[in-house]
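For reference, chains read A, B, C, D and E in written order, and residue numbers begin at 1 within each chain.
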């Protein structure tokens, strides 16, 4: 279990996540993609903490921060999706094209 | 724990919480009372900030929090902008049932922008971005029953979510490379030759911050928010986070040695941003959207100063002054829009000068200031930018900015022409007194910052940037 | 102090114009009074030897003096103007008479300034003022647009010559730092060449020499009195006078003599021919004016400015006389075509006076003009005998058209029934005739002595063969003239001859070679200015908007075409595809991701 | 190749595969559970990396979050149970390319980058050190994070709650009309918005 | 004193904007306020010391504005600034007094005019580069609103084109100013310092670029061919008084700026490119005259003659800048250029006011539609003829004094160019006479039968201008003395 291995796994997750973010029409699925990215990031963070930073507490904190980001964005995102769904009955990015140019 | 160093933030936070609680107990028709409350909180914070001006620049909270000229001035600008946008709000949201909470969110957003300006630790940076983003989405979508507003909100969110993800990724890589997130230590460790991974991490962080700055490539939310969000919120969102982010970006890039060619990157972003913004505004017939595009291009000008940071002592003061002048002028413009009940169609502005001479005058002043016509604030700001850019040997950048300025004149005039040259078709209704007061104040600042620029400028020249 | 001589009539002109005077008597009287006083002033100035100095700034110094030749001119101008103005006061239509009189006074004043000038700037000022006055006078009758056109023609044509004077002044200053005539002597050779060329150019244009001659026909649109003054003592005289005044300098340039003679002779012959073929009384006289100034050019070119001066004086008198009488005849015939005229019986006095003038024009002894013409012949002969012959030929021509004019205008003709001449006209005409006769004194050797002494030269003595030759040529000329007048009275009114009658087609050539191409050029420039120069600007500004669109399209492909290929791009509505801000969030996300990559690439590239 | 390595690889495989399946399943509910699976795997990897606290925290937090997400599906997403096949994607090729590209770039860089090798001492009490950090050097960050969470709660309540103290929370949440009794300024959304065209 | 010259009309403008009075009162109020600067400037003129050894800039006042950047409120005049400024003040009074169609917005109209007067005078009177730029830009703003609001035809477009085009120029100037000023240490925008120590000496490339900036900027403003195409539409659509001010005052800012800034502060570099400028000038002269000749629109025609006349000015400046020319000749050229500024201001001002009279009476600028007006409008005819002859450089009128000196001075530096430029006065003569012919001569079209002659106010206004033109033409010493005192210094004479 080397750092490289961990990071590569993280990279895979990030790649898949980015794919999801860019490809999904549904807001929810799109956010899942984001989650997956952050998942990879979190893995990388812990990996760094454990294998390069020599247990520097900052690393753990970073992981927590990433988690926080994830949570916050999920919450805000769901709230917004709800609002949009209520006012526009839209659940996909293509549903919202009034604001353009 | 040196609480004294975050007194302004604390007062903003406390007033936010207070407002939240108060809003949940006040009767519906008393909700507007939250506005004066917010003003009080901001005033107190302003006072504390001013008090900090005296102290010597320092890092506190074990290097997480910077108290230097840059952050203090930026926070002052943010507070003023927040206060003025509060003035715009009460009449606008009169019939909204969640009137009171708005101010709480606004205060938290202010807090986020302030934290951006002061952060000297990558994790603190992330949190600050997050705070100002999450409040920003809410403010943008505050007209929950109005399609445009929620659309603006969720588009803001989608762009923001990815930007934050990239930012977090970048920060994690930074941590992996340098085993720290503290600016001070970063600065000391970036010296030995940069690895390729550093460059990737660097550009990821830049994109993350560019999102708050509404700079290319993460500028796309700005026009939507400007058009869709409630104008008072739009006024706030086009200014406060931008001011904070500009300082944050300046701080961050300043950490890196020359073997990372960050100047060319920032310069590229600057050019792209000002050009895209101007081209976008050129054809607009929707005034609010036009203002959004124009504020994109203004970020581009601000980036000029960041490009030459450290090459010329005037770079930082120029940046701060430009941000201040931009803030007042932009607020004046959005204030006029608000006072005109969100009037946004270009044709609807015909004959404003006849119907409401004062509003027209304010609009003209703010636009001319945004173009940089002397002796308004914008002129001094642009002059300072050009001076520092040319002095640092980036004359070509100044030339590009010049061409962009000429282009921008066109779309500002496209609004001013009907405002002044035509006769009104229908009566134009206005909103109320506090919005009018805000407009007058902004116009006054726009003029006085230009005419009496010297004291401010002299103080700004003392400003420092840590670490 | 000498300035007064010129300034008084100028000032008086303004006053007269401002005054409410509108009736003939008052205007005539005041005008004549002004001229008389001017004359007295001139005499006094001459006796007292006044000079005048004035400066605008250190380099711009002005000076006026009276030399022997300028005294003569300065006296001649008011003397001629006096009867002309009196005539004008009764002859010209009452409407705008006030303006006419004041303009005539202005004319005189400007001419006097030109005459007494002792530096190029003063000369230039007078010179241009004279031109401007001529414009106003020719276009005096404003309701006819054609008059204004003629006035413009004349003014532009003469101003083209004025440029020569500008050049002269410029050269003088650039070399000597001053404009004074005195300084011209000291110029270097090349500068002097340019200077002389400039002076010659302006003199030729003012004196209606080839190729500038045609303007003098257009000038005939002006009132008769104007023509009379313009041809005798003012406008046209200025050119010849300039050469006379500066002859010593000019002569220092070797090519000046031949050139002047060439121009002069060419004009003399062409003008003579034109005049002979000209059925229009005033134009006939006008052409003869050119011809006679040509003779003066010849004299100056041959080195006898004094001769030219004397001829100028003589010419002034008889030409003024002839124009005035032509004016009377023209009014009575209600046309200036000779065929309509012929009032010998009803206007005997005018007729006889005209005859005197005509014979003077023809150069028949014992009239003074005959002597001066003889002198010209002699002068030319001194240059080369062949020249003398050509000049005689010119003399023959002038005799011919003089004869034609006198016979047709005031001979005995069918329509010679009723015609009236106003008293003042008659007086003016006959006084001029008297002057012509008086000039016969030229023949007296003693007078010649005094004249020569006064002008500090000696007149050449003609060899007998020349005298006989010129007498013969004059005789033959007279006969030809008589023949034309009797056999072909309408010669030149129509048919091929009429084309030649207009300066042998020179105006036509000018129109084709200069005017038309020029106006065409102007038009093209205007088109170019709008289409191209402004066009570029418009393109640039349009380019801004275009750039906006293109940028959008380009970036849009990036945000949109890149992902899904063209098909996907087409799937979007056209408007969307034109703008980068598609309104579709995933495009923004894609763009952001791509942007991050680009930034990284820039960073890598920058290392 | 000791047992830790084996475990790691297994978990890694689970994380990746389930992560990948998230976007291939027909039901959002399933998708969310797959995502949860991936998170759990990652959390277990963290445990392997001497970060038990973080690992467990992740597992629990994500468990809750995915429940919420699943609830959302059921509440008002179309096709909750994924009875009929669902493939809602756009700019697909680009997305795939982007994902692969990012993976390749990162992997390449990871291989060439020299990370300082400084493994954590298994004997240190990571939880305690984290606590010290939170209440010590990084206190401000921690506090700010707290504020942010507060803000998030407020925000989500404001945006999502259907009714408030004064009845329907959304009524009146519109701009003031341009003229009294008229419409607010600004463009109107096109009618077709809603469950918009899903292209494949 | 000079400060008051600017502040009084400025404050007057704001005061006027805040009042509520009857239409005519505004006119006279504005007129009286606007004439205060004229009085003050005349007083300054009287007190101006032209003796040799007198300091170049007099009546200097100085207050700090942004000391950190070396920007301050610096005022002062030399002979050139004084004469041009006084002419401008006079022209403004005339333009304000001229009866204008204010479309019920008299208050703003006259307020803008006073504002414009203040800032235009500021351009000529300031000794601080930053302030110069400030006033330079504000003048654009003022005129933009005047043209756009009270213009006719496609006024809005013309106004925007004018603003954008000239603003581009002024930004070029701004960059150039910065590039120039940054070479000073400590940083200062004080013109006197910049003139004194020629900051860019020895930095060839930078000096060239800075010069280019100035040339483009002032070239657009002046305007030179090919940067002139904003001028005709702006003129055609502007109200008479506004275009009188545009041609009479604003165009001078370009040439004045050339003399004041690049000529004085970049001496060597400017001299190096003097020949190119002279060529440009000759092109402008001939091109302006030619194109003008082909215009059938009265105002366009006169507008293009402005291009031609400003070409003379440029020729004079370029000749004066040339190294190796005779000092006396160069001084004469520069003096001529300055006199041309004054003369052209008065003459073209008068001509454009007359254009305004035409528009107010008929709303038609097409020359083809006129004729025979001399029969019913003798006064108009008189003034127009005088102004036109002055414009084509007839001796005894102001134009001649200027052009003579320019030609003579330029000839000893660039003989061929000067000689070529002479053609200009010939073409001008032709085109003006043609214009007069079409307007006043020939038969009177029936639809013009009710054409009113000039009213009393118009007569008085024009009379003052024309009288001044004549006086300058006959006895310009009072004008030449102060100018020469300045040009002497500028051309390195005593």
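General remarks:
Rule of thumb we're sticking to: a residue touches a chain if its C-beta (ideal position, glycine included) is under 8 Å from a C-beta of that chain, and two chains touch if they have at least 3 such contacts.
Worth saying up front: this structure is predicted, and the values here are computed from it rather than measured.
Ranked by how far their CA centres sit from the centre of chain C, the chains are topped by D. Between the chain pairs B-E and B-D, more C-beta pairs are in contact across B-D.
Chain E has the C-alpha centroid lying closest to the overall centroid of all protein C-alpha atoms shown. Taking the mean of the C-alpha atoms as each chain's centre, chain A and chain C sit 93 Å apart.
Per-chain CA centroids place chain A at a distance of 65 Å from chain E.
With centres set at the average Cα position, the gap from chain C to chain E is 34 Å.
Spacing of chain D relative to chain E, judged by their CA centroids, is 68 angstrom. Shown for chain B are the residues in touch with two or more other chains, namely 123, 127, 130, 134, 137-138, 141, 144-148, 151, 153-155, 158, 162, 176, 179, 196, 200, 223, 227-228, 280, 283, 410.
In chain C, the residues touching two or more other chains are 541, 563, 581, 584-586, 589-590, 593.
For chain E, residues that reach two or more other chains under the stated contact definition are 164. The list of touching chain pairs reads A-B, A-C, A-D, B-C, B-D, B-E, C-D, C-E.
The touching residues of chain C, when paired with chain E in their complex, are 55-60, 121, 124-125, 128-129, 132, 135, 139, 142-145, 147-149, 151-152, 155-156, 159-160, 163, 166-167, 169-171, 173-174, 177, 519, 521-523, 525-526, 529-530, 533-534, 536-537, 541.
Interface residues of chain C, counted against chain A in their complex, comprise 563, 575-576, 579, 581-586, 589-590, 593. Residue ranges of chain D in contact with chain C, taken from their complex: 90-95, 98, 101, 199. Remark: chain B residues 154-155, 158-159, 162-163, 166, 194, 196, 199-200, 202-204, 206-207, 211, 216-218, 220-221, 223, 259-262, 264-265, 268-269, 275-276, 279-280, 282-283, 407, 410 touch chain C in the complex. Per the touch definition, chain A reaches chain B in the complex via residues 7, 14, 17, 21, 27, 30-31, 34, 37-38, 41, 44-45, 47-48, 52-54, 56, 58-59, 61-62, 65-66, 68-69, 72-73, 76-77, 80-81, 83-84, 86-88, 93, 96, 98-99, 101.
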